[in-house]
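Below: a set of structures, written as structure tokens.
Each of the two complexes below includes chain A, the first together with chain B, the second together with chain C.
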Partner chain A sequence: MIELNSVFGAFALLSSDINAWLYLLPGLAIGLIFGAMPGISITMAMAFALPATLYMEFLPAIVFLTAIYTGAGFGGSVPAVLMGIPGTSSAVATTFDGYPMARKGLHNEALGIALASSVVGCLASYVILFILIVPISGVVLKLGPLEMFAVAVWGMLLLGSLAGTHMSRGLLAGTFGVLLGTVGMNTAGFVRGTIGIPWLLDGVPQIPAMMGLLAASQLIGLINTTYLIDDEGSRKISFAKILGGVRQTFSHPTIIFRGSLIGVIIGAIPGVGSSISNLLSYSETKRNAADGDTFGQGNPKGVIAAEAANSSSEGGAMATMLALGIPGGGATAILLAAFAMHNIVGGPSFIAHNKDIVYAVIFSNFAQAILLFVVGLGFVYVAGYVVRVPLRFLIPSVLVVSTYGAYAIEGSSAGPITLWVFSVLGWAMVRYGYPVAAAVVGLLLGSLLEGNLLRTNQISGGDFIGYGLDRPWALVIFALMLGSILLQLISKRRRAKEEALSAVQSS
Partner chain B sequence: MSTKSGRKIVWGHLILLTVIVCVVTAYLLDARGVSLRTNNLLLVQPAAILALVLAALVLPGIFPRADSTEEAEINSETRADLIRVFILIAALAGLAFSLEVVGFDIATFIFMVVGLAVCGEKRWWVNLLFSAIFTVFLIYGYGTITPFPFPLTFL
Partner chain C sequence: MKTQLSRRNILKIAGGGAAIAALGMPSILRAQGAYPDRPINIVVPFDTGGYNDRLARAFAPFLQEKLGQPLTIVNRGGAGALLGHTFFLQQPDDGYTILCTSAAPYLPLNILTQDASFKLEDFYMVNLPSQDYTLMATNAGSDVKSVDDAIARLKADPGSLSVGLQPASADLVNFNILCAANQIDANAVRVVTYDGGGPARNAVAGGVVDVGFVGGEGFLPLKEQVRPLMTFDTRKRDNWDGAIVTDVLGSDADFVVGSQRGWGLHGSMQTSNPEIFKTLVNAIAAASQNPAAIEALKNQQLATDWYGPEESNKMLARTAKVMEQYIDLLKGN
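Take a look at the complex of A and B:
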């Protein structure tokens, strides 16, 4: 699987070109800053830097862009933890427990956990990529709409665990989200629910809607509060506590490993990527955790699961991009554009003839992950000061920044108007006990579910079962899903038995 | 408001559920109006019907018992608190709908002044100064890194 000659070639490439290392730090810094701004996506940060790479050599250019990719991947988690705003769609699950931790005064620990999980997830994904790049690319080619549908259904299982105290309200929020996610023109060409608004043809703008549901609604609800953290003593920014969070992360190796594996596999599937992997990893961790009931109330395991998965998706997406020349999302499309700018065509022939460059990119990503830890520590320390800003300044400021971000994504008032509509909806939902997170998951998965269900229906001619039996990878995904649910039921029953037994013994 | 049987009506929740039901029903009717083919309704129709069934299950929650603690937190909110929330929501609507009409600079400045006042900043000079500096900083800072130009009136 690993060609030693190419590995040595990669070392030679990296040691002979100092430029490849010089661009690491600025790349990470740009990524962190852009990623931390609501509405500025990883793709936008990379697109912003793309013209600068035209005059660089090929390897430094790719290293620079992948450094931005890595930095922005983590940068999105900082506002997710501190303000409940997912800077990118891949940080949605981080808000579920990261923000409640920050509200409890555990912002230092939450940021440390997010950073360490991201670094370890990123490292793990590139180790997996280093070993398995060829087999992974082989598997990706075998995945069709049914497999994608299975992945989306797996993501939908999260709705059950996000439902909170009122199951019917949680499921209603999720189903409502799915319906809103299907608004516009579907893959078969039918236009529904646009009420004559042209920009709804492409569907409800997802990122502004998500920012409105998760963040703006929370901010509006905080209007009668003075600070994000009520207790003055807890507002301190502590380097020791951030490092404490880092240490805490390493006490949950299983969650990191599971998150990284989910991240790499889901990240490798074109069009799915990190926005789903963080939800899946969160849902699986919640299902398997003994203290699953406390997820959503500030459980560090939730942050670890989400961050390990979203950062490791980068490795998966890179595998598909390098091995097949298929961009799984916007970020890898920018990387392919950088390839084209240097007259290089990605894909099977590239990997066959340039394994040394591929390994050099992978090795530079190891260095990026380690450097991210150092730069990220400084970054989260400074960013942590947000909790000390009075909310009377923070609420209007963040609402304006979110509105600008929504405009920047859509390029018109469609973004800000969507943000406003979903802010009001989110505020009302939070007020009456509906989990907005379920609506966000539904919104993210709605079009994916419908698109792949339609394609499966068209390919199978309506015979889902017969077609499904011919698709081993879909069966594997469904089996894994069922296995995970069964294991959860068994462990729940065992725990209940143990608790009953200990109650009897203590009485 | 309490009914004779000792139950109360949570009006806000009733309005929210009504909005959700109306949106879902309108969407289902619109989708069915477009086409009745499977490729159009495969997911939308079952999901809409499920949403309406779930809405029916949520309905009793709108009429909790008068002694229920569930809505106690909402009841502790004063009318003034709620008015401030509505002013902020209205100001955000003003910002979203007027950005391209009056320019980002004017819309942002006005929203910041109203937002700061509603959120509790009582010193008018701090309000005006912060709003002005923040607006300039945001337009020149954010404006340089976004791919779309912001329509402006003064700056």
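Take a look at the complex of A and C:
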């Protein structure tokens, strides 16, 4: 699986060109800053830098772009932790526990955990990629609509965890989100729910809607508070505490490993990617954790799960791109365009003939992950000062920046309008006790769920079961899902029994 | 230290400074009034990374050289290019906004199926270098060996093969033409619809669907994973094996060409700003025929052929006419 000759070739390539290393640092910094701005996506940061790479050699160009990719992947988590606004759609699950941690005065630890899990997740994903690039690529293309539908259903299981006190309200909010996710033209060409507005033909703009729902519900609710953290003594920015968070991360190797595995696999499927993987990893971790009930109230395990999965999706997406020449999402599409600018076409023949380049890209990503740790520590330290800004300055500034971001991502006033409509909606949902996060999950999964169910119907001619039995991977996914639910039930029962037993013994 | 500057003195200094600056930069003054004297926008009605975006970005440096002003690419994706096309027409026809789009099938589709507020004549195509075509293909390891094999199976049982394609596309029309010519009930075939050419091609390459009808140029990077069955054109394209449509449906075969992509201007410019119109057409022509541009675009698998305005507009009108015949199919479902 690993060819030593090519590995040595990769080292030779990397050591011959000092330029490849010079671009690492600026790339990471650009990525971090862009990723941390709400609304600026990883794709936009990379598209912005693409023209500059035209004048570079091939390897430095790719290193520069992948460094932005890595940086932006983590940058999105910083506002997610500090303000409950995911900078990118892949940081949604980070808000669930990261933001409550920050509100409790654990912002240093939360940022340290997010950074460490991202670095480890990224490293792990490239290690997995290094070993499995060829087998992974063989499977990815064979995944059909039923498999994708299974993945989407798995994501929907998260609704159960997000419901809060009233399960019925959680399901209602989730259903509402799914309905919103199906607005626009569906995969068969039917147009639904656009109320005659052409901007809605492609559906509700996801990122502005998500920012509106999450940001407003958090920020508008804070209006009578003076600071993000009530206790003045906790508002300190402490390097030691950030490092404490880093240490804490390493005491949960299973969560990191599970997150990375989910991230790589989901990231490798074209069109799914990191915005789904962080949700899946979060819900699996919550279900398997002994203290699952405290998720959503600032449990560090939730942050680890989300961050390990979203940063490891990068490795998965790179596997599909390198091995098949297929972009799984916007970021890898930009990378492929950069390949094309240097007259290199990705795909099976590229991997067969240029193993040394592939390994060089993988090795430089190891270096990126380690460097991200250093740069990220500094970035997180500075960003942490947000908690000392009085909210009467912070809330309006964040809303203004979000509005700009929403405009930037849509390129028209459709972005800001969506943001504000959903802000009001989010505020109203919180006011009346409906979980906003469930609606966000529904919105993110709605079109994936519907499109693939429809395609399964088309491809099977209506015979779901007969078709399903011919799709081993779909059966594996459904079996894993059921197994995970059963395990949870069993362990819950056992725990309840033990508790009852200890209660009897103590009395 | 105390300096006292009256408002009058400040104005004098400022005025003097402006005068000196004006003398120092005569080129700016001279350029006033001569087109183009400021940057020009290229509207791409699709998101970053697609064919038109890549074409615009690759071609821009060469067009920029001819026009002497920087070009900015504005991506206005959404609603099957309807939003971007409408946005383009809303800009003044002063030559500071030009268009890079898949004129076919999107302009006719916007007009025929989306109640667009514009007509085909509102656009003037300077050149449509990219002429895509539908490729009927299957997975490289598939047991469907040829187009005749596929037709025979569908004839025997229309439900025997699943077919991947995009809704409301030239590919869908071509699929229906093939079915009609072979007495296959197209409605009984298991048609699977995908949201874009990319996902449809991936489904073909992975064997998720048995046969796919998708734009052929995009299949090139997947060459090793697919088996071409038939090209919907009167000649072989991109060295694909398999049949061409005239082999199967006869020399007078009816079919729709695929995407026709390239450069457009406001149609109204011909009368409102004829001089600027001529400058732009000449600049696009010169840049398209620049050997350095041809070399650069070829390396990125982008088309550079020069057909010229007359031929380009004619090709587009012809496609729009054929598409009108199949309006019910395109409106879909």
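The rule we apply is simple: the second predicted complex is superposed on the first by the 507 of 507 C-alpha atoms of A that agree within 3 Å, B and C clash if a C-alpha of one lies under 4 Å from a C-alpha of the other, contacts with A are read in each partner's own complex, and residues count from 1 in each chain.
Following the convention adopted for this analysis, contacts are C-beta pairs under 8 Å (C-beta built on N, C-alpha and C of every residue); 3 or more make two chains touch, one makes a residue touch a chain.
Keep in mind it's a predicted model, so treat the numbers as computed, not measured.
Participant: Evaluate whether chain B and chain C can sit on chain A together after superposition, giving fit or clash.
Facilitator: In the arrangement built by aligning on chain A, the partners chain C and chain B fit side by side.
Participant: A:491 in the overlay: touching chain B, chain C, both, or neither? Say first, second, both or neither.
Facilitator: neither
Participant: In the superposed arrangement, which partner chain does A:169 touch: chain B (first), chain C (second), both, or neither?
Facilitator: So A:169 only meets chain B here.
Participant: Mind working out whether A:144 is in touch with chain B, chain C, both or neither, as first, second, both or neither?
Facilitator: second
Participant: Tell me which partner A:190 touches in the superposition: chain B (first), chain C (second), both or neither.
Facilitator: In the superposition, A:190 touches chain B and chain C alike.
Participant: Between chain B (first) and chain C (second), which, if any, makes contact with A:408: first, second, both or neither?
Facilitator: first
Participant: After superposition on the shared chain, which partner residues are touched by A:47: those of chain B (first), chain C (second), both, or neither?
Facilitator: both
Participant: Is A:198 touching the first partner chain B, the second partner chain C, both, or neither of them?
Facilitator: Second partner only.
Participant: Now for A:288: first (chain B), second (chain C), both, or neither, which partner does it touch?
Facilitator: So A:288 meets neither chain B nor chain C here.
Participant: Which partner, chain B or chain C, is in contact with more residues of chain A?
Facilitator: B
Participant: Give one of first, second, both or neither to describe whether A:297 is in contact with chain B, with chain C, with both, or with none.
Facilitator: neither
Participant: Note down the smallest distance between any C-alpha of chain B and any C-alpha of chain C in the overlay, whole angstrom.
Facilitator: 7
Participant: Please report the chain A residues shared by its interface with chain B and its interface with chain C.
Facilitator: Overlap of chain B and chain C footprints on chain A: residues 47, 188, 190, 411-412, 454, 458.
Participant: Where on chain C does chain A make contact in their complex?
Facilitator: 47-49, 54, 57, 74-80, 82-83, 86-87, 159, 162, 167-168, 190-195, 198-199, 202-203, 205-209, 221-225, 299-301, 332-333
Participant: If we count contacts the way the header does, which residues on chain A are in touch with chain B in the complex?
Facilitator: 34, 37, 40, 44, 47-48, 166, 168-169, 171-172, 175-176, 178-179, 182-183, 186, 188, 190-193, 195, 216, 220-221, 223-224, 226, 391-393, 395-397, 399-401, 403-404, 407-408, 411-413, 416-417, 419-420, 423-424, 427-429, 431-434, 449-450, 453-454, 457-458, 462
Participant: Which positions of chain A touch chain C when the two form their complex?
Facilitator: By the definition above, chain A touches chain C via 43, 47, 50-51, 140-145, 185, 187-190, 198-199, 201-202, 270-271, 324-327, 330, 333-334, 336-337, 340-341, 343, 345-349, 411-412, 451, 454-455, 458-461.
Participant: Within their complex, state which residues of chain B touch chain A.
Facilitator: 10, 12-13, 15-16, 20, 23-24, 26-27, 30-31, 34-35, 37-40, 42-44, 47-48, 50-51, 54-55, 57-58, 61, 70, 74, 77, 81, 84-85, 88-89, 92-93, 95-97, 99-100, 104, 108, 111-112, 115-116, 118-121, 130, 134, 138, 142, 145-148, 150
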